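Two complexes follow with subunit A in common, the first pairing it with subunit B and the second with subunit C.
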Partner chain A sequence: MTPLQLAWRTTTRYRVRAMLAIAGVTVIGALLFDMLLLSHGLLLSFADLLNSEGFEVRVLAREGFARVPIPDSQTIADAIARLPSVADVAQITLTLAEGRADQKPPRRLTLVGRALSTTRDAATGCEVEINHVLGRALDIGPGSTFRLTPMPSADAATAMPPVDCHVTAFADFGFNASSDATALVSMAEYRRLVAQEHVDAEVILVALKAGSDAAAVTREIGTLRPDVHAYSNEEVVAQFNRNGFAYFRQISGVLSALTTAFAFLLIATLLTVSINQRLGEIAALRALGIARRRIAAMLLWESALLVGAGAVLALPVGGVLAVGLDRILRQMPSLPERLHFFVFEPRALIVHIAVFVVTAAAAAVYPIWLASTLPIASTLRREVI
Partner chain B sequence: MVAEARHVTRTFPMAAGAVTALSDVSMTIEPGDYVAITGPSGCGKSTLLHLIGCVDTPTSGSILFEGRDVAALTESARSRIRLTRIGFVFQRFFLLPMLKASENIELPQSEAGVGVADRRTRTRELLDYVGLGDRGDHLPSQLSGGEMQRVAIARALANRPVLLVADEPTGELDETTGEHVAALFDRVHADGTAILLVTHNPTLAARATRRLSMKSGHLVA
Partner chain C sequence: MQCPCHNPRVVAFAAALALIGILDTAPDILISRQLAATAHLAVGDVITLATTPTGGRSSSFRVAGIYEPTPDPMRFTAQRIEGRMHLPDLLTLVTDPHDPASADAIGSINVALAPGTDPAAFAHDITAGAPTVAVRPTSRPPQDDPFAVLDRFHLAISVVTMFGATAFLLALMVIRAEERRETVAILRLVGIAPRSLLTSVAIEGLMIAIGGALFGVALAFATEGLINRFFQARYDTALVFIRVTGPLAMKAVAIAAPLGVLAGIAASWTLLRGSVLALFRR
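And now, the complex of A and B:
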């Protein structure tokens, strides 16, 4: 009979103890798994969000991500568009606005002006694409008309004259929060709506041709216009990783360490109690000549079975828990709707398994030492007394 | 000679001061011996049995097992002797509760590296030998005290030891059941295995060919 078979028999014989241990490890493991998903989830989701927009480089007026008009943005956009690696350049600017439709209360929205280098920018008589939030709020959709009032600042006194706009399509805006209402117009139309002949973009987005190096393009842009700041998506993610998301990593690191410590203590305690209940049995085995290494291997397998079963069960439990927690956290205001806190990645699974392998081994160390070093004769004597 | 104790003393350090459980004890066990040690509780019987059974080492003096000084051996070597040359029978049986009777008997054979087919054959022989040929698939919890002790004796004999040591083997059994176990020891002895047992049971001790009595850590007869 192998040590694994002996461990299996022991585990199945002491079912209640095994079930309690597995349940404990499952709960702890689910928390650990969620912490691992959380530690990189927001960053992965943010990177995914950036990449899904179809632009690999962002150009801003200042270092950081403050929204400030880029002086003479058209000139730099044209220069960037001429770079051989560049497929398209989008100039983006935005302002507050208010939308009204019959029978519906007015709705604040973000009005986005966009000019693409590959498309002729023309005033279109206020043809807009809207997101579904605005569509639901005003009960409008493609083919509908609503009144749009641009508001260069939040102060209603700065409102421009209202304009009737025609909805051409629904559009998704990746960085919209779940309650954000957004309307998109061409840059030329935007200028007309805010009654300004010249509007500089606040951000320039650059789409690259396949196989192009985003870092090289950011350097080229820096050479073209040293006063602007160009960031590849990787640089944006790295910057957020250093600043914005470091808290999540730290919190999840601390909680992961705590949950691992709980798993270790739970299994070590249960195994130690189990050994103490079976001291006579173990002393007898050793008196019969069963080698210490076989008893040690049996205990190690017992630990592995309890921790392994709990760790495996923790994955679906952790998954369900992550979905629920993600739903709660995503209700935070102003958060992009497509941003997630808990994102699965193979690395999290590998770390989860590695942590539990180490925990199982570490938790078995003291019980193994106890069983290996117990004095056979005095233990047998004590057991009889 | 199977085992020899030479001027053996065993002292146990205690918080209140060292306790001498055995003092200058000498004895031998020859092949085919059937030795019973009797005496009041705490007189050192079990301590002597544990020393000769190679689960303990003396504070002074020496234990020779088949001519080898037990104290000079590594724990691994002592463990090997216990596995292949000595069979242990305990008062409380100490069968593994999660293993069937046959599996308990197979365990020391498996540890000794006996092949599966040989193990099965030997286990069947031993179950028949102790009169439990039809109980091999039962768990210890499904056996009576006497049956458990018979399985324990079969387990002790699994690797064909030269010496069977038994510590109060009838201590947990009623008189009738104890009688059956005693008869089994007679049979083991008749088949050529040396036996050293410690008992309070005068009927069991009377069946031994050599009876030793202990008092306060000394052999007195």
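And now, the complex of A and C:
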């Protein structure tokens, strides 16, 4: 009989304790798996969100991500659009506004003005694209009309007069929080709505042609206008990784370490207590001529069976748990609706397996030493007679 | 003969006079500990602040003190490079000479209300009188508080950990119960009532659970300072990240105790309810 078969027999003989141990490892393993998903999940999701917008470079007035108008943004936007690797340039600015529709309470919203280098920017009456949050709040959709009142920005002294706006379509704004209402108009229309002849963009988004190097374009933009700051999506993610997401990376690191230590201690304790209970049995096996190495291999397999079964079951349980925990964390205010904290990546699975292999081996060390060094005769006398 | 303006002593004297003049006229500024450390500044130093990186409008200020920024959990990852000055000094510094109205504009006004005043009603009154002003209370409603969300997240993790720990505790108690199969059989044969045995295993489970919970609380107390010091050094903040409080410790023990009792009883149930002969495997 091989050590694996011996271990299997022992495990199935003590079914209740084996099932409880596996249940414990499953729960702890699920938590560990989730912490591994959390460690990079937010970054992966954030990078995915950035890339899904279709723009690879963003240009801002200041270092960091403060929303400040870029002086003479039209000139720099035109210069960027002429770069050979640039496919499109979008100038974006935004302000608060209020929307009103019949029978519905007024809804505060973000009014976005956008000018694309590939399309003509013209004020053709207030035609807006809205997101579904605003649509639901005012019960409006494509074809509807509602009253839009731009709220005063820091520069404006008075409120703007309300304007009737026509909804042309629903739009999905990637960085919208689940409760954010947003309306999008052309930059020319935006200028008309806020009654300002000249409005500088707060951010310029740059879409590159396929195969272009974003880092090279950011350097070129820096040469064009040294007073602006251009960031590739990778740089934005790296900056958020250093600042905004550090907490979740650290908490996942701390909890991963704790859950691994917890799993190790408990499996080691269970195996040790189990060995202490079976000292007579093991001494008898040794007396029958079964080698220490086979006994050690059997105990290692026992540990592997308990930890392995738990680790495998931990994956689906962890997946379900991740959905629940993600739902809790996504209740954070002002969080983009499409941002997730727990994102699967193959690396997490590999680390999960590696951690449990090491845990199973480490947890079996002391019980193996105990079983290998026990004095056969005295143990048999004490345990059997 | 050397021209007085080229004489180093005269130049030094003139510089000292100018410095005294600046020190006399420079308004005071308080700077954060982090700014003082980064820029190697001390109380009494004269610094120049400018509105643009290229020097734009600038003014000299005398460092009147160094303060520890109030810990802000919302900004604990931010480097607190900041200073505080009198509002007229700030307005003088940032006012756009081409826009005199900017000298009369400020970003926000903090209002301390008299005890018993309803912040929502106050905000409503202000908004009614000045519709272009946004008024909001400094306390966040629970739905807008990210720390309320983090609290729920940590609670969820605690519950999951508790389930895992309970499974392990049950497994241990099952092993302990099986170890004592024959002892329990003998005790039952000599007439000890199952109820008494059940009570004893419940007490044993209780002791193990309370012992474990107390050890956990002691471990948390012991590591509290270590973890706080690590994160305070990591983020250069005075923010307290972990605080093990009495009610929290009590809650841990209160949750662990019934779980221990239940685990003990559940693990021993078959030994106490089955036939005595079965316990002897006959």
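The rule we apply is simple: the second predicted complex is superposed on the first by the 378 of 385 C-alpha atoms of A that agree within 3 Å, B and C clash if a C-alpha of one lies under 4 Å from a C-alpha of the other, contacts with A are read in each partner's own complex, and residues count from 1 in each chain.
The criterion applied here is as follows: contacts are C-beta pairs under 8 Å (C-beta built on N, C-alpha and C of every residue); 3 or more make two chains touch, one makes a residue touch a chain.
In this text the structure is predicted, and so the values were computed from the model without any measurement.
Visitor: So, on subunit A, is it clash or fit between subunit B and subunit C?
Guide: Fit - subunit B and subunit C, as placed by superposing on subunit A, sit side by side.
Visitor: When the two structures are overlaid on chain A, which partner does A:R294 contact: first (subunit B), second (subunit C), both, or neither?
Guide: Touch partner of A:R294: subunit B, not subunit C.
Visitor: With the two complexes superposed on chain A, say which partner A:A284 touches: subunit B (first), subunit C (second), both, or neither.
Guide: In the superposition, A:A284 contacts subunit B only.
Visitor: A:T118 contacts which: subunit B (first), subunit C (second), both, neither?
Guide: neither
Visitor: One more residue to check, A:T75. First (subunit B), second (subunit C), both or neither?
Guide: neither
Visitor: For the overlaid complexes, name the partner, subunit B or subunit C, with more touching residues on subunit A.
Guide: Between subunit B and subunit C, C touches the greater number of residues in subunit A.
Visitor: Just checking: does A:S52 make contact with subunit B only, subunit C only, both, or neither of them? Give me first, second, both or neither.
Guide: A:S52 contacts neither subunit B nor subunit C.
Visitor: Determine how wide the angle is at the CA centre of subunit A between the CA centres of subunit C and subunit B, giving a multiple of 10 degrees.
Guide: Approximately 90 degrees at the subunit A centre.
Visitor: Using the superposition on chain A described above, determine whether A:Q196 touches subunit B (first), subunit C (second), both, or neither.
Guide: neither
Visitor: With the two structures laid over each other on chain A, which partner does A:I328 touch: subunit B (first), subunit C (second), both, or neither?
Guide: In the superposition, A:I328 contacts subunit C only.
Visitor: Determine, under the contact definition given at the top, whether A:R13 touches first (subunit B), second (subunit C), both, or neither.
Guide: first
Visitor: In the superposition on the shared chain, how near does any CA atom of subunit B get to one of subunit C? Answer in angstrom.
Guide: After superposing on chain A, subunit B and subunit C come no closer than 8 Å at C-alpha.
Visitor: If I apply the document's touch criterion, which positions on subunit A are contacted by subunit B in one structure and by subunit C in the other?
Guide: none
Visitor: Touching residues of subunit B toward subunit A in the complex: what are they?
Guide: Those in contact with subunit A are residues 12, 46-47, 50, 53, 55-56, 75-76, 79-84, 86, 88, 90-92, 94, 96-99, 103, 106-108, 110-112, 155-156, 159, 167-168, 171.
Visitor: Which residues of subunit A touch subunit C once you look at their complex with the stated criterion?
Guide: 14, 16-17, 20-21, 23-24, 26-28, 30-31, 151-152, 157-159, 243-244, 246-247, 250, 255, 259, 262, 266, 269-270, 273-274, 277, 321, 324-325, 328-329, 331-333
Visitor: Given the complex with subunit A, which residues does subunit C contribute to the contact?
Guide: Against subunit A, the touching part of subunit C is residues 76-78, 101, 131-132, 143-146, 149, 152-153, 156-157, 160-161, 163-165, 167-168, 170-172, 174-176, 178-179, 231.
Visitor: Can you name the residues of subunit A that touch subunit B in the complex?
Guide: Checking each residue of subunit A against subunit B gives 1, 6, 9-10, 12-13, 280-281, 283-292, 294, 375-378, 380-381, 383-384.
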